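Several structures are given next for inspection.
Look for chain A in each of the two complexes below; its partner is chain B in the first and chain C in the second.
Right, the complex of A and B next:
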């Protein structure tokens, strides 16, 4: 596909994308699609999704965009600036690259390369790690558009920016989108990314998001993943932080046939802080995996990781987290926690929380549990007249809420609470406007 | 009184490896290298039956197809497997029937190591199988134990005298195809201990094997097989030392334990191979495969290890919990100082219902040491009610060492409860200050705190070993302060 589509790629894509394509594709050919022999994919089997023959896909048709525009987010009271991406592409037209009040630029990578060539040059393909995962060079080789956000020095936009990633097509497609977020010194940015599939075709998304967080800057990202069981979603997020910065990442995976979120937090400057949260609810044949690496290379940094999962039916979950503290990263304070509840006989959870520490003046701890609801807590509730089903729901909801409460946007927090509640009750958890009856 | 104190202090702070001497004794060695002929030669030297040779050759042919594993968090120089002597034996008259037949030079060696082979001198009631290089020198208390039906002898003797037992259990826990080093061991293993506890017998004394590497350029490949029949109990100890040399020497052992219904096996190791000098030169490469199977219901296997020696340690004593209600335990203290590296931990495989496992691992790194815990807790679909608790703490002394934790948890049953927790930190300045304030020097304070930290594990050791282990901890960390 790479060779046959080359001309289309090269013609339509920005020069900087093309520059890395060849070597990235060679890397991909060398590494191949990660199989279970790759330590990071030990518990995640991509075969079912990657062995499918996806159609060639280069750019959406205008009618697809019109279809997409009918979609609207229905979260009440959610005060955000909103933008819709279709299959990883921006609609052509005036929304190509816009400046929000406060001076933050949002738009398509294609437009960004023209308007900010030096900036893209400086940050594109710079924060990528993990030389063993073939999907990363595959994205570099094939991506031709994606989201670009640029918050220049000391800019603040009070509302979150919401990006709705829609998947809609009449063919089965493999989407490769490439995002770049640059938050310069002193700037603040909150990003909400929602994934929806609005047609029942098979989709596979392989996303890379590179984030640069400058000195004293603040960046938050919340991902809400709600796709049907025929879709696969693989994300790689690389967050690079400078001195005195703050970053947080929330991955809420409510639905999806295969979801794998990989997040790298690189604490490159002193006194910075990073948080990684994740919650997943899996049932049917779903597989949801979270991979996190927090890399402490500078002293006096704090990090937390909190990942929770509830597994039902034949679903499986995986967690693979690592705290790495380099030699000079003294006075590091790092915490990692992964808790899982298994509800059915056939569900399965594999967890691999890891510490790799080369500095001595540190406080690092981690914990992992796989189990059921606490019998004593259940008894306590039942002895107060709450029936068994309700008591279980309350406990599960409390379990999930520990992650949800870290979502920095209140309206969204309530909405997620609500979705999780519904999901745990066995009611439909997708947004009402979802066109796909996937349950 | 004061003199005594000085002596103790001296002993504790001398800090050198005490067991680094070489015994000058006539040793029979075969040429370096590993070929099919060498395997046949070893087998011939030991006058083994045909089935044993077949087993070795099968393993050897399989080994040729394997590669040395590289997944561990260790930096190991390339090992030339053709540059090792696979068989070295102190020359002695055939079959020492009594102690007077044993070479006095050998006796002296073991005396010096604090392992008395003379039964009457024994106060502690420990039966010892002493292994030097490739062969077993002497097994004490054999007759006393035989009266109770307990078989405790060297592996070679077991092959000759109890072939049905050996054939039944050999490689039943660690198959010859298991891993690179276990396969190598299966092909060339020279000796080791064999122990069988019959039904309903509670072994009255501690059984122990002491391993000593003496000859230059040899590798030690011993194999231990421990069978506890129904409702029996045994506590087993293992100790080891080697001379100080600039070359690295290879030690690749296999230990197999079978616990039948209601049996309990306690296996303790104090590993004190030569760790190499302060520049990281020399030392033993310790690649050991240890595994026990709780075959029957209500059985229990408990591993306790204190790892202070070796340049490189690669060791994962494991339990396969097949019987219902069976229990597996793993208690470990691993110390790495100077340039030592350790990648150690355990595997708990829960197969039976209501199986329980406990893992307590304490890592201490100092100097340039790298210490990793790597463990697997696996709960299979049928293991209803399985329970695991793991705790892995790491202590860092110095800013050039590393401590790592790589747990793997795989759960396939909804009624299982698996918990893992780990912390990494250094000794608190406030703790040291508290001790200093009370007139305890920083050095001693650290010894105190480290011993307190490791206490949970050391308490699990038999008493004689516990004292030894505490001293060892202090010596291993000598010079790591400041």
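Right, the complex of A and C next:
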């Protein structure tokens, strides 16, 4: 794959991407695809998606982009600035970046390197931490486009920026997109990233998003993942925070054959706050994994991790969450919780909370549960006249809502509430919005 | 079947994990009556509350319970609730993510559906919520939260009585509603019960202590000991128990049980 069509590929790619390719590819060859011997992938089997022969794919044709433009987000009253990426590429990516009211720049990485070369130079490939996951250098070796957002000092854009990552192709494709978000001192940015696969081909996406959150800056990312059972989505998100900053990440995984979200929160300056939330609903043969690492390197920071899963049929899930408190990170407040509900005999959930603390004046807590619905709560609802089926649904919905309530965009929060409600009630066919009509 | 009684418990035996807890309990409650059931720990008070409301922790092995002439033991917990049985839980459950408003709306409308009534309109529902909140002096903010989540012990008990006010049961079973309450909270909870009660509402007050019965004045006081009601009398029995403790009851009951066993031989 790296050799075929190499010339066009290199010519179309940003120069800085090409600069890191060679060493990244060597790293990938050394590390290989992570297997279950890698602690972080112990419960996640990538074989089904990685052993597939994907077709060569370099850049969408103009007619593909026209097709993509017909896609409409179904969330009503969602007041956002919106852009659609097709198979990891920007339409008109080389035509320039867009400046939003308030002075925030959005566009293709391909153009960002021309308009803001020093900025890209300063931040590209700087926040990556994991030295053992071969998929990360694989992205660095192969990516040729992605999203670039730049919020200069003290800029604020009041609406969320919505990026729709659309997969649509007549070939089976492996997408490697590479995104960079820079939120400078005092700036504020809210990013909504939605994943949809609208043709039934087999897809695998390996995404890296690097985020720099400057002093006293604020950044929110919400991912809504609604793909199909032939689609695999692997994300690596690195959020680097300076002092007095705030960041939150919310991964809502509604559908996908294989989903793995890895989120690193690096608290690099004191008095910062970071939150990592996740909710998934898995059924059939789906596998959904969340990997989180919160790195406290500075004092007086707060962090939370709240991840929940509902598993049905033969689905499986994994949670691997780490809190690392370094020696100087005194007065750290770190909280982690992972709760899962298993609805069938054959679903499986593996959860692995980890704490590593090298400071002595900290407050850390963690907990994980895997189980059925709480019988006491069920009886409590029934004792008020609510029938058993309805009571179960209320409990499951309440369980999910604890994560949903942290979504900072009201229209989206209501829509996700509604979607989850319908999914749990079986009113929405599990595959209603899915391109593969497999049953 | 005698329709004079709202509730008739006849020779009820129930076991938890093969251990018999209720050993032939009889109790009859007419509409509008207040019955207090007192007794030492482990005598079977909470098991009785569980059996009445359909919690499947205990298995009924013998006897019958009729409610308005119908066989209560055939009904699911939700059917019993819709028929008008309400349990104020000894330990109310916290349910994160389920709002009080949604919970009460669902409960009331399920009950109305059962009675062939239309669901309450949103404005009527909110009016009732407001009215009943005042009645039981519950902090207005609490009903905007998830069910019992983060409530103090006293708030949880008040919330039970608030739910009772909303659901207007025919028979309310108060399972140690007084335990852990300070005197002010106790007064509020007890007054709430008195304000909610219609003339034909029956109440079974399960308690350790006589304190609550100063506010909710029972027509009858029963002593439950070792799975049976061993003594029934008027409210004066509660005072006697408060003064003398349960030991004398124990002694008397054990003698009766012995002679009863001997007689049978």
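Remarks
Throughout what follows, the second predicted complex is superposed on the first by the 422 of 439 C-alpha atoms of A that agree within 3 Å, B and C clash if a C-alpha of one lies under 4 Å from a C-alpha of the other, contacts with A are read in each partner's own complex, and residues count from 1 in each chain.
The rule is short, and it goes like this: contacts are C-beta pairs under 8 Å (C-beta built on N, C-alpha and C of every residue); 3 or more make two chains touch, one makes a residue touch a chain.
These figures come from a predicted structure and were not determined experimentally.
Model built by superposing both complexes on chain A: chain B and chain C fit together without a clash. When the two complexes are overlaid on their common chain A, residue A:343 makes contact with chain B while staying clear of chain C. Superposing both complexes on chain A places the Cα centres of chain B and chain C at an angle of 70° as seen from the Cα centre of chain A, in steps of 10.
Looking at the superposition, the partner that touches the larger set of chain A residues, chain B or chain C, turns out to be B. Applying the stated contact rule after C-alpha superposition, one finds that A:24 touches neither chain B nor chain C. In the superposed model, A:362 lies in contact with chain B only, and not with chain C. In the superposed pair of complexes, A:221 makes contact with neither chain B nor chain C.
Of all C-alpha pairs spanning chain B and chain C in the superposed arrangement, the closest lie 14 Å apart.
Against chain A, the residues of chain B that register as touching in their complex are 71, 73, 379, 381, 394, 396-426.
Interface residues of chain C, counted against chain A in their complex, comprise 53-55, 76-78, 80-82, 86-87, 89, 92-93, 95-98, 102-103, 106-107, 110-111, 114, 146-147, 163, 167. Chain A contributes residues 39, 43, 327, 330, 340, 342-372 to its touches with chain B in the complex. On the chain A side of its complex with chain C, the touching residues are 374, 376-377, 379-388, 390-391, 394-395, 397-402, 405.
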